[in-house]
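Two complexes follow with chain A in common, the first pairing it with chain B and the second with chain C.
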Partner chain A sequence: MPIVAQIKAELIENTYYVIHMTGEIDVNQLPVLESITKPLLEENNVKGFVINCSELTFIDSKIVGYIAYLYTTLTHSNKKLLIAGANDTINDILTLVGLNAIITFFPTVDEAIQSFNI
Partner chain B sequence: MSFSSLVRHISEEVFNFIGFGKEWCNRLKLVVDELFMNAVRYGSTADTSTVHVFFSYNDEEVEFSVEDDGSGTRKMSADELKALINKNVENNNVTQTSGRGLALIAKLWTDHLDIKQSSFGGLAISFSKHIETAPPPPPPLVQTVIYKPSKSISEATKESKGPDFTVKLHGEIDQANIDAVTLPIDEQITALPESARLILDFGDVDYINSTFIGHLASWHNDVQKKGGQIVLKNVNDQIRDVLDLVGLEHVLTINK
Partner chain C sequence: MKFIRENLINKAFLLFTVLVAAVVTVGIVLNRMQVSSISLNLFLAVSVLVLAFILIVFILDVIIPLNRVIKQVTNLLTGKNYKKVNPITIDEIGVMTHFFNEITTDLEKISYDIKERRRMSSELDIASKIQQDVLPKEAPETPGLDIVAKTRSAAEVGGDTFDFLMSPDKNQLFVYIGDVTGHGVPAGLIMMMVDTLVTAMVSQGVSNGRDLIVNTNNLLTPRISSRLFMTSVMLRWDKQAQKMYYTGAGHEHILVYRTKTEIVETIRSGGIALGMIPNVAQIVQEKEIPLEIGDTIVLYSDGITEAKDKIGNMYELDKLTASLKRHGYRPSAESIFDNLTKDFSNFVGEYVQVDDITMIVIKYLGKDSATSKVKLEVSVDESQAERKSKLWGWS
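Let's look at the complex of A and B:
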C-alpha cells in the first residue's frame, strides 16, 4: 500500500526549513504544498530550504515545476534550496529533467544542513 | 487511495509484469500519470464522468490509452491538439487546458503518441512503447554550432557588466549530434570571462532533447558561479513548453 501523502515544514535552528514530503505527491497535493511553503519564502531569518525526500515515493511534473519555482525564488533572495534523501525513482525524475544539475543533492537531511554552515 | 495513485500503481504493475526495466517503469508510470490527470482535470467532470484507461501488450510492445467524455474545460479537438503538438499550431491559451507540455514529454519518452476523438465524447490519447528491459539511453538531439562574439543584444541586459558572447544553434539537437553541439559550448563556458553573458540563439532550433536540457541547467550553474548569465534567445513555443514543463523557464533567462 502506498504511504499516505503528507507535507510538513520544520524549522531547524531558527534558520533552515526542512520540507518533509512523504508518499506520493502529485498535482492534487500542490495547493497544500504551496500553502505551506510560500509564506516561508518571505521569512528573512531563513537561509534556505531542504526538501526531505527520504519518504517520498512519487512526484509528477507539476511538483517538479514547483520545486524549480522554489529554487528560483530562493536563489533570487540569496537563499538556498537543497534536496536530501531522494531515492532512485525521485532521482530519476529530477535527473531526467535536468534539475540535478542546478540543485545540490545530499544523501541525508543532516548532511544538507551541515552544508549550509560550510 | 486517490484515483491517480491507483492508476499509477496499476501501470507500474503492468509495465513491470510485461518486462520493462525499473527505470522505464518509472518513466512510463509518469507518462501515464500525466495523461490520466490531464483527462481527469481537463477532459471530464468531477463525480459524474468516467475516464477510461486501457492497457494492452504483446511480446514486443505495450499500448496505453486514456479516454474522457470531453465534459471538462478543454476546448480543443483531437486534430487541434495533435497539430499543436506537431508544432503546426500556435495558440498561447492552450497551455493551461491541453496539457501539451505533458504530451510533449510523452512524445519524448514513448515510441508513438496518438490523439483522436474518443467514442466516449472527448479525446483518446494513446502511446505505444517497445518493451525495454535495459535502462533508458541518454537523451536525444543537434547539428552545428557557430560561435561568434556579439554585441547585438547587449542592451537587453542592464544587470550584466561583462561582455556578451553568442552561440547560434541549428536544427534538431538529439543524441546523434549532442556532443558536437555541447562540447564547443562547454569550452566556451570554461573560457568565459567573469560577469560575461553567454547568449544561446535558438532561432534555427526545432527540437531539443532532455540531455540538452540537462546541459542547459548545468551551464546555467557554471556561468552563474562566474557572476555571469546565460540568456536563451529566439526560443520557439515548443521548446519553451519543454523548458516550462521541467521548470527551467523560471530558472533560465529567456528572451523571445
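Let's look at the complex of A and C:
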C-alpha cells in the first residue's frame, strides 16, 4: 500500500526546523512544500533546516530544484541545510544532480541536528 | 412604497386603484353636493386628465426604461455596438437592465480572454519555432561514429536540448544533451540561454568539456533562479585520437553497451547541475570513456526513466538498461534507437507524455568505417491539438 504524501515542519530546540517529507513528493506537492517552508526561511532565530527523508520514497526534479533553492536561500542567510535518512533511491536522485557536492547528508535526523552544535 | 416600486403588477394595481378611487371620490363628492347630473364635457375632461396622468406614469416608469434596455439587447444580438444601460427603476425592468449590464461585462471579459489566449498561443508558436531553429538540423560528419538523436517536447516549448558542435580546428566534436527542470516556457528559455552560451564558447575556441561546463555555469547561475537548473552531459570526441571524453553536470547516467562482453555499463555523469551554485570548477571533471569498435553510448533525459505506464509504474533505469542489453548488438545506431524506443513505447502504452523526452545513441564503428550523416529529429512542429493527444510512442 503506497504511503500517503505528507509534508510537515517541526521546530526543534527553538533553533532548527526538521522538514518531514513522507511518500512520493512531486510537483503536485510543491505548493504545499512552499507554503510550509517559505515563512520559516524568514525566522531569524533559526540556524538551519534538516530535511528528513527517512519516510520519503520518491522526489521529482521540481522538488530537487526546490531543495537547491532552499540551500541557496539558507546559505545566503548564513544558515545550513542538511539532509537526513535518505534511502538509496532518494540518495541516487539527489546525488545524480550533484546536491551531495554542496549539501551534507546524514544517516539520521539526530546526527544532523548534533552536527549543528559542532 | 418600495413594495410597489419593485413590482410591475403592483404598479399596475396601484394605478388601477387610483383610477377607481378617483371615480368613487368624484361620485361621493357629487352625491354630497346633491348634484344629480354633470355636464358631459366636464365628465370627459376629468376622465381624460386622470387617464393622461396614468398614461404618463406608465410611459415614464415602464415604457421608456423597457425601450432603452430592449434597444441595447437588440444591438447586442445583431452584432451592433451596444452600451451599458443605467437602471432607473428597481422593478423587473431594472432587474433585466442590471442583468444585461452583467452579461455584457462578462462577455467583454470572455472576449478579452479569448483574444489574450489567441495572442499567447501565437507567441508560443513563435517561441516553439525559434526553439526549433536553435536545435540542430544537421550535424558535422563524424568519421567513426554513427549517431541518432531525437527529442520530443511535452509542451509548445521544451526544456530538453541536444547539439553537435565542431571546434574551429575541426578536431573536436562536442555532443551534448541537456534537461532543464520541468518543461514549458521557463525551461525553454534556460535551454536557449545554455545553447547560445555553449555554441558561442565552442566557436571561440573553448576546447574541452570541463571548461565548457564550468564557463556556462559561471554565466548562467547569476541570471536564473536557483530553483531552475539544467542537467547535462557534454561528450567530446577527439577525431584524430578517436577517443571519447565526458563531462557531467548532474545528468542521468551515461549508458555504454560493450560489444565484446554484451554488458551495459552505467556511468554516473558526476558534477553538479548547471545553475545551482556559482562556481563548479572544483566539482566538474572531464574523463575518458574508452571505446572499442561496436560499443554504443546512450544519453537520455529523465522524461524517459520517469515515464509511467497506465498503472503508474515508472520505466526507470533498469528497464532502459535491459533494453540496451537486448539491442546493443545491432549494427547501426538507428536500429538500436528504434528498438529502444519500441520497448519504451510498449511499456508506457497509452500514457500521455508529461515531460520532454530526448535520446542520443552513438555507435563507434571504427576510424575506417564509412562516414555517416548524423540523424536528427526534433518533434516540436506539431499543432497544439495534436500534441495534447500525442502518446509517448516514438516508433
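Here, the second predicted complex is superposed on the first by the 118 of 118 C-alpha atoms of A that agree within 3 Å, B and C clash if a C-alpha of one lies under 4 Å from a C-alpha of the other, contacts with A are read in each partner's own complex, and residues count from 1 in each chain.
Basically, a residue touches a chain if its C-beta (ideal position, glycine included) is under 8 Å from a C-beta of that chain, and two chains touch if they have at least 3 such contacts.
Since the structure is predicted, the reported quantities are computational estimates derived from the model, not experimental observations.
Undergrad: Should chain B and chain C be called a clash or a fit once both complexes are overlaid on chain A?
TA: In the superposition, chain B runs into chain C.
Undergrad: Would you check which partner chain A:72 touches, where first means chain B only, second means chain C only, and both and neither mean what they say?
TA: both
Undergrad: May I ask you to decide whether A:102 touches chain B, chain C, both, or neither, giving the answer as first, second, both or neither?
TA: In the superposition, A:102 contacts both chain B and chain C.
Undergrad: With the two complexes superposed on chain A, say which partner A:3 touches: chain B (first), chain C (second), both, or neither.
TA: A:3 contacts neither chain B nor chain C.
Undergrad: Looking at chain A, does chain B or chain C touch a larger number of its residues?
TA: B
Undergrad: For A:28, using the defined touch cut-off, is the partner it touches chain B, chain C, both, or neither? Pick first, second, both or neither.
TA: After superposition on chain A, A:28 lies in contact with chain B alone.
Undergrad: Mind sorting out which residues of chain A both chain B and chain C touch, each in its own complex?
TA: Common to the two interfaces on chain A: residues 27, 60-61, 64-66, 68-69, 71-72, 95-99, 101-102.
Undergrad: Taking the touch rule as given, give the residues of chain B at its contact with chain A in the complex, in rising order.
TA: Interface residues on chain B, with respect to chain A: 1-2, 4-5, 8-9, 22-23, 26-27, 29-30, 33-34, 37, 41, 101-102, 105, 139, 210, 213-218, 220-221, 244-248, 250-251.
Undergrad: Quick one: in the complex, what on chain A touches chain B?
TA: Those residues of chain A that touch chain B are 1-2, 24, 26-28, 58, 60-61, 64-69, 71-72, 88-89, 92-93, 95-102.
Undergrad: In the complex, go through chain C and note every residue touching chain A.
TA: 179, 181-182, 225-229, 231, 249-253, 268-273, 276-277, 283, 302, 306
Undergrad: For chain A, which residues are in contact with chain C within the complex?
TA: These residues of chain A touch chain C: 27, 60-62, 64-66, 68-69, 71-73, 95-99, 101-102.
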